[in-house]
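Take a look at the structures below.
Heads up, the next two complexes both have chain A, just with different partners, chain B and then chain C.
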Partner chain A sequence: MATFQEQERSEYAWPSAKDRQIIGQRTTRIDGIYKTTGEAKYSSDLNPADLLHGRLLTSPYAHARITKINVDAAKKSKGVQGVYLFADAAVGSEIRWQGRELVAVAADTPEQAEDAIAAIEVEYEVLEHWVDEADVEGARAAGRANENEAQTAGDVDAGFAQADKIIEGHYGIPTITHCCWETHGSTCVWDGRSLTAYLSTQNVSGTPGQFTNGLTMKDVDIESTEVVCQYEGGGFGSKFAADTWGIAAAYLAHEAGRPVKLMLSRATELQVAGNRPSGYAEVKIGIKNDGKMVAWDSVHWGTSGVGGGGVSTGVTPYIFTPENTRRQQISISTNTGGARAWRAPNHPQGCALTQTAMEDAAAALGMDPIAFFKKNLDIVDRAQHPDAATVYAKELDIAADLIGWDQRWHPRGQGGGGAVKQGLGIALHSWGGGAHPSSCMLKIRPDGGVETYLGSQDIGTGTKTIIAMAIGETLGLPADAIKVNVGRSSYPVSGGSGGSTTVGGVSGSNRKAAVEARKELFAKVAPRLNASADQLEARNGEIRVQGTDRKLDWKQATGLLGVQPIEVMQTHRGDEPGLTARGVGGVQIADVSVDTETGIVRMNKYVAVQDVGTIIDLLTAESQVHGAVIMGIAFALTEEQIMDNATGRFINSDMVNYKLPRLGDIGEIIVHMIQPEDGEVGRAEHDRGVVGLGEPPVISPGAAISNAVANAIGVRVPTLPLTPDRVLAALEKGGDA
Partner chain B sequence: MRDQEKHRPQDGGFSRRNFLKGSSALAAATAINDRSAQADNNASTAPVYGPEARQVTLKINGKKQTVEVEPRVSLLSALRDHLDITGAKDACDSQQVCGSCTVMIDGKAQYACGILAVQAEGKEIQTVEGLGGPQPDPVCQAFVQHDAMQCGYCTPGFTVAVRALLNKNPDATLDEVQKGLGGNICRCGTYVGVTASALDVAKGGA
Partner chain C sequence: MKSFAYARPTNESETVNLLGSKWGHTALLAGGTDLMSLMQNRVSTPEVLVDINHVESLKTLQPTDEGLVIGALTSLDDLLDGEVLEQFPAVNQAVDGIQSIQIRSRGTIGGELCQRPRCWYFRNGYGLLGRDGERSLPLEGDNRYHAILGNQGPALFVSPSRLAPALIALNAQVRIIGPDMEDVLPLEYFFVTPRNETQTENVLLPNQLLTHVLIPPADNYVNATYEVVQLQGLDWPLAAASASLKIENGIVQEAKIVLGHVAPTPWVSSDAAQSLIGQPVTEETAQSAGDISVATATPLSRNGYKVQMARTAVKRAILRAAGLLEGGQESHV
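Now for the complex of A and B:
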């Protein structure tokens, strides 16, 4: 059946499925106990001696000009040790979104800092704003719409002419925020001309220069910055920068000669510290009676903030691309905080805007959507993964089996006779996730200790644990025997944690370093075992001559090193077959119940089938998928940035009104990771090498859940999240919604 | 939006008044609820605190600790900012909605941001640091086994909430776990592991 691409394997490739020792198993996090007991110290937890507490004053207006600003009273306020003016804190400055940072203060206690902020006088001339991301006509009239040129491929008109049916629909996915549980910020400590920034970041190696340069531009005499982050309370793509408030904290600490902690408030976090661009689309699809898509025409609009932006046409349509396509995008400039990379940039929106339309097309034909998607697998995107179609076909079968598709699926609108209707919905996704550049230094000490150092970070994905497993696999040691040192920029440079590139990067560099260190150890040990180095293997805490009883245990072996440890520096730059790779797919199916009287959608069951190359830690890999699905349930059902057109304010920028699902809201979630046991596809996946996983499983839930709701109630609820009011409105509008 | 609302209990009247009347928990609670008329009724009999800092003695994890804080300071801020006990986190700006600061007060799970430090005097406060003995609490161990964490910022609040739930209801069912832990939010999506952990320990009868 499948024709998997044969490639020459890297000399550092992972062992075959039958030879692996610990990778692929469920391994608990090496730092898990510190998180559960509260011992783990985050940037926001640090209380160095003489710490000052920072607070911000931000703009309440979406669009305004500052006519007066006076910080004299704040400077004199009790306990205040420093006041910092951001670039916009000046008469005449134009404020272009709510939450724009203006003034930072540092005081002896948090309360004193708050009092000082309250003492600042600012007057504004309020200007006209535009915050509506969905109203494209209004935006045009207000001069806020930028019509980008349509991109075409094939002959769109001819494509529609040959179609048996043309389906049209409207779809929407609003802006959501990253909503990191630990807000953005840092604790900054100086020692002479050297700054240590304990920054909540997903970019340890990439942020020191931002501090040093930013402070130099403020005329601070600075020699160097070290960024430290041992634990980070969530980033999701929004924590790559020092940020203006990081510079402010460092500046205030420098001026006061005391450490400063400055974390954003929840409101400011939601307003300015990152969001995911919105998309609203008009979609037209030409299909043949057998389900083949032959033509696509879409125009979508949305915003990334003041600069316009929005969702790329690269994801409209998503994954399935008919031969004849026209896609257009309109950027709307809104007076809202700027977008940042949000987990799988563009993909969740593209999936929600277009695989919904495709499911509508299947429904219009009365076709089972699984059959519909299978029918179109020949036009699936293969750029990331040449065997994508084969993998998707396998995943569709596994997912259908796990959800009980044959028993639970019914044609659209036949979700039961009562008020509560049940339905199934499906979506597919794709992501790259190749390795980022990563360097590490690995040491094997004569006493048997093994340590690695790299300027990476564990943002909660389990990075430290998979590093330990990668080394342990190579040296024949358990993961908890490896000391993993990350989270300091003085360690070897390793990439930021974005785009699902970390697991490949750090497992690549550490695998290479461990292989090289193992070679050196084998060379030392071989004479003692009367063997040549290439006859040795490291397994189960022993160095053994393969196929014999001649062996040394690990400590005996490392004892032969003398006084000097083995020290190996390695860099992984770009994927190598069998070690790290790129390109994954995934299929997800939602089973929901919708109460047609209240509009409430309940999750019954959710199946996520995910291929991800070689899996290092099955436990944390499954956690990534569970978490992604739950985050997806959030943006499918509850979560959105709500802007008030009258005042220009983000009116739910707090955790009372920015709704996230709770523990009882998620239903049953079944995760199936493709593994060697899954036949030829599984073995081929394992042999590809490690691919990143943070992004892909968060892509499909919006479309899958929307499709399930449509299947249940017989009409499309066009815009996410599928809140009761939207569900009821769609039901009221009826079948032509 | 002023950033100053951080760390301040939800209290419209309180911030305007800038002082607190009444020493009993009840009087303080009425002030928090902005029922200022009631608070005023107590004015003749109750001492007046603030705005200056005063010494507050808190019994935390069995140990008495004295801290000098203004009456407006929440228990959460007293723990985190004044006593360097940082397991409890503030993820919702002390709006009493996210549960990341969950502690046990006299054995009952409560948001540490929802009570003033002065109100907590005389009460038994147990934070995540106080769970377990020489070995970590079985709840914490179960969280590790079931990988009930990602970034980990909400995790200490969850472990305390699970411990409090199981103390009260050692045989909690799935339905009871879902309802009992509804006061805690996780952004990374660790609910599957949390649920498995709670049920695991419940079955073990720990």
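Now for the complex of A and C:
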């Protein structure tokens, strides 16, 4: 079997598993108490003195031209302190999606701002819209389809010629939104020429320049911007920018000389603040009788909004890449809000379009899908992970064991004799997750206090906690002894939270800083303990000469610093073996029940097995997987952007009809992190360094749950989410399975 | 939300006097779970909000010889307390199905019956019938959640009440008051299908209110509700049915079957009920009643699936009433 390549370990590598003090254990969040008691203040919670409330006027039409716009009445409306026109608020402007921002108003109370919005006169010439992302023929006829050249590898025709069987199917995954619980927006406060933007963001260090530049272009005399974000209610890839409404809030605050809070309404949040591109595909797979995939041919269509786009075919077929492939993409321009990066961009869609087709192929051969997947492990993509095949093989076994595959799995359509059928489905995924650049400044004070500063952010994932643990591990202190300062752009620059790069970045920089600070402390302490610095260790709140009882407790040790703290600035620029790494794989299995008389799918159980390298906080790591699986259940079963052809509206842009699963819809989730006891793979995984985890576990649920439903009812429900109408339609249509 | 005047009457006559005779001028505030979102979206823009929460006579919850008297302000959670619904499992199951904790604790029975339709065209400002000029948006557009029965006129929304089918199956009555009037009528006749935008989904005039619900004794009737609902939390059923049966010596003597969420009003299926008379309740007779209940369905372009759901809801409500469907779908294997 393949093993992980031996590489020279970084001098900052984490201690080996047996020597770890706190990392790898379950630690509750250091800010958990503030969140649960409401002491944590999110951007939308802030109410500085003299605050003005911002509201937006947006377009109700998907495609229209403005023929008249008059804001005089809004300006005169009671309590109004400022009116801001966005770029499209002009006669002649073409509006190309519903929710397009036109005017912002700031007033003394939210109700006054809403009254002023209602007083704005706008007239539109309504133009013909196209909002149907699935109807490729209609889009062609409407001139909304752009056919791209096919990408090929190998010889597709020869591949199909050597196939024993050719499987064809149609699959689809519609647009969904990020639906952040805290909507996009900010509270903007000026002090002279300096702006502080309390922005709900996953990009603290990267957004100040956007404010400064945007305001300069509006002729605002601005010296600097500081972005502050202590807590964030979800971003998922949609909150990297100041956004036009951020600039509007800052502008209105500047003009009024008072703070302005402007958070998007739920409807606008769903309509314009980002979504995940849709993908539909006709797929053809060539297989040998033993299950080997030898050829793949797919025609894709979908959208990212008015610019066309859709799911990148770069990740299709997903992970399993036969020698001979052809993919063609048709990009459809729709009058819908634009896409933004959505947790693991392209991967959930690629997985849902590929591994469903693979499971159909396995069913056509009468093969157990695990056997089918294993048969094709030699063609898995190794770009992220040289030992991917070994990892998947191991994970498939662990996941099968946890779900009780041998007892619970049955051939397709044999899910029980009554109305309610049970089924199992599998999928697997891959992600990079290497560290982003991160700098931090760490101080050890003479009084024993330890604090770190970095312009990173905790987007709800537990970043503050893992920073504290990384430092605590290095200095021999508990996590709650470390003061973690993030969420201010005046701190050292640290990357935006995208691509599952944060945990590597911030643990890398803080580990390095803590190691360097420890060196300085040891140099001070060593003479007192009659030892050399390299004989010392920091464990359990003590500095000790290794193997002796000569020691100082932490405060005695830091007391030797005199009046000046130790201050260390460190940057982590890229992965270093044993410290941070990239490339993870995971396997997930869904167990569902389907009521064939109502079409309703219920989750029974869900197993997620994940390799993730060195784990800092096992609890927040497991929580990431739980959250991802729940988000995956949402897009697999309930969640979709419904565009209404009659009005061009995102007709379910509210929290009743934009259906997200409730607690009772989740079922039991079992998370298994690859650990040293998982054998050869586990040991190596555990030693290679920290790898990001935020995205990978959200990739598989669409395919896994779709496969489980097909296994239960005997037919494929081609398009996600697997709503009761789609399930009943598939049952009615029947199938060849 | 548009600014409004606020009034807080303490008795029924004061309340009636505060209500205007013009549509949309006043709104009644009970639990507010529906009204607040309608006002926030400016679908409802009353000048005066009449808060009835201090009208004590609306808080009754009293078993009497004529049946159970329920004041309109009784919260859904209060209905589940104690054993007041012991004879009425159909109502109990409907209330229990409302899994939103907020709606159950704040929402009232009066509000549950008077909540406005969930139709997304209505909620997006196109009026109760979802008209855009001459166009019927539910007819032309996305009607996946719209009516499959009683949809020959311009009204295509579905009645959103979850208690109404159960209460109608149990022959519940409602008391209505207005200026110089007081009336008690069967709940079945409370709901109407509007023919134009000047009408609403019930018989109330702008200056009238529903004050009480009376459920007559049901000791000789078994009854149950079955809802087909996608989410186990805040969500409305896609189809539902309530059944009330009088069974003697294993044979159905009397039956009432009411469907919910399939038509602009709760939908009484006399044919389905009639088909059970003289029959034992079995999987077959229940299935047949289900088939009959949707025999006249006229689904729109994309809600045909609701026919199958309604059929199943009727079948399972009958089986559940007869004690042949323990615990709902999960055990119905």
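The rule is simple: the second predicted complex is superposed on the first by the 733 of 737 C-alpha atoms of A that agree within 3 Å, B and C clash if a C-alpha of one lies under 4 Å from a C-alpha of the other, contacts with A are read in each partner's own complex, and residues count from 1 in each chain.
Here is the rule we use: a residue touches a chain if its C-beta (ideal position, glycine included) is under 8 Å from a C-beta of that chain, and two chains touch if they have at least 3 such contacts.
Not measured: the values here are computed from a predicted model.
**Q** In the superposed arrangement, which partner chain does A:232 touch: chain B (first), chain C (second), both, or neither?
**A** After superposition on chain A, A:232 lies in contact with chain B alone.
**Q** Based on the superposed arrangement, let me know which partner A:663 touches: chain B (first), chain C (second), both, or neither?
**A** Touch partners of A:663: chain B and chain C.
**Q** Using the superposition on chain A described above, determine whether A:460 touches chain B (first), chain C (second), both, or neither.
**A** first
**Q** Let me test your reading of the model: by the given contact rule, A:602 touches which partner, first (chain B), second (chain C), both or neither?
**A** In the superposition, A:602 touches chain C alone.
**Q** Mind working out whether A:268 is in touch with chain B, chain C, both or neither, as first, second, both or neither?
**A** In the superposed model, A:268 contacts chain B only, not chain C.
**Q** Taking the superposition on A as described, I'd like to know which of chain B and chain C A:578 touches: first, second, both or neither.
**A** Neither partner.
**Q** With the two structures laid over each other on chain A, which partner does A:418 touch: chain B (first), chain C (second), both, or neither?
**A** Only chain C is touched by A:418; chain B is not.
**Q** Return first, second, both or neither, reflecting whether A:645 touches chain B, chain C, both chains, or no partner chain.
**A** second
**Q** Could you figure out whether chain B or chain C reaches more residues of chain A?
**A** Of the two chains, more chain A residues are contacted by B.
**Q** Taking the superposition as given, does A:723 touch the first partner, chain B, the second, chain C, both, or neither?
**A** After superposition on chain A, A:723 lies in contact with chain C alone.
**Q** Find the residues of chain A that appear in the contact set with chain B and again in the contact set with chain C.
**A** On chain A, the overlap between the chain B and chain C contacts is residues 111, 114-115, 118, 654-656, 661-664.
**Q** Spell out the part of chain B that touches chain A in their complex, as residue ranges.
**A** Within the complex, chain B touches chain A at residues 1-8, 70, 72-73, 77, 80-81, 84, 86-89, 91-93, 95, 97-98, 100, 127-129, 131-132, 136-137, 139-141, 143-145, 147-156, 159, 177-179, 181-182, 184-195.
**Q** Once bound in the complex, which stretches of chain A touch chain C?
**A** Going through chain A, the ones touching chain C are 111, 114-115, 118, 416-420, 593, 595, 597-600, 602, 638, 642, 644-647, 649, 651-652, 654-657, 659, 661-665, 723-725, 728-729.
**Q** How about chain C: which of its residues touch chain A in the complex?
**A** Where chain C meets chain A, its residues are 1-3, 42, 99, 118, 120-121, 123-124, 126, 132, 135, 137, 140-142, 144-145, 228, 230-236, 238, 302-303, 305, 308-309, 312, 315, 329-330, 332-333.
**Q** Using the touch definition from the top, list the residues of chain A that touch chain B in their complex.
**A** 28-29, 32-33, 35-42, 44-45, 47, 53, 55-60, 98-99, 109-111, 113-115, 117-118, 179-183, 231-235, 264-268, 271, 459-462, 619-620, 622-624, 626-631, 634, 653-656, 660-664, 666, 669
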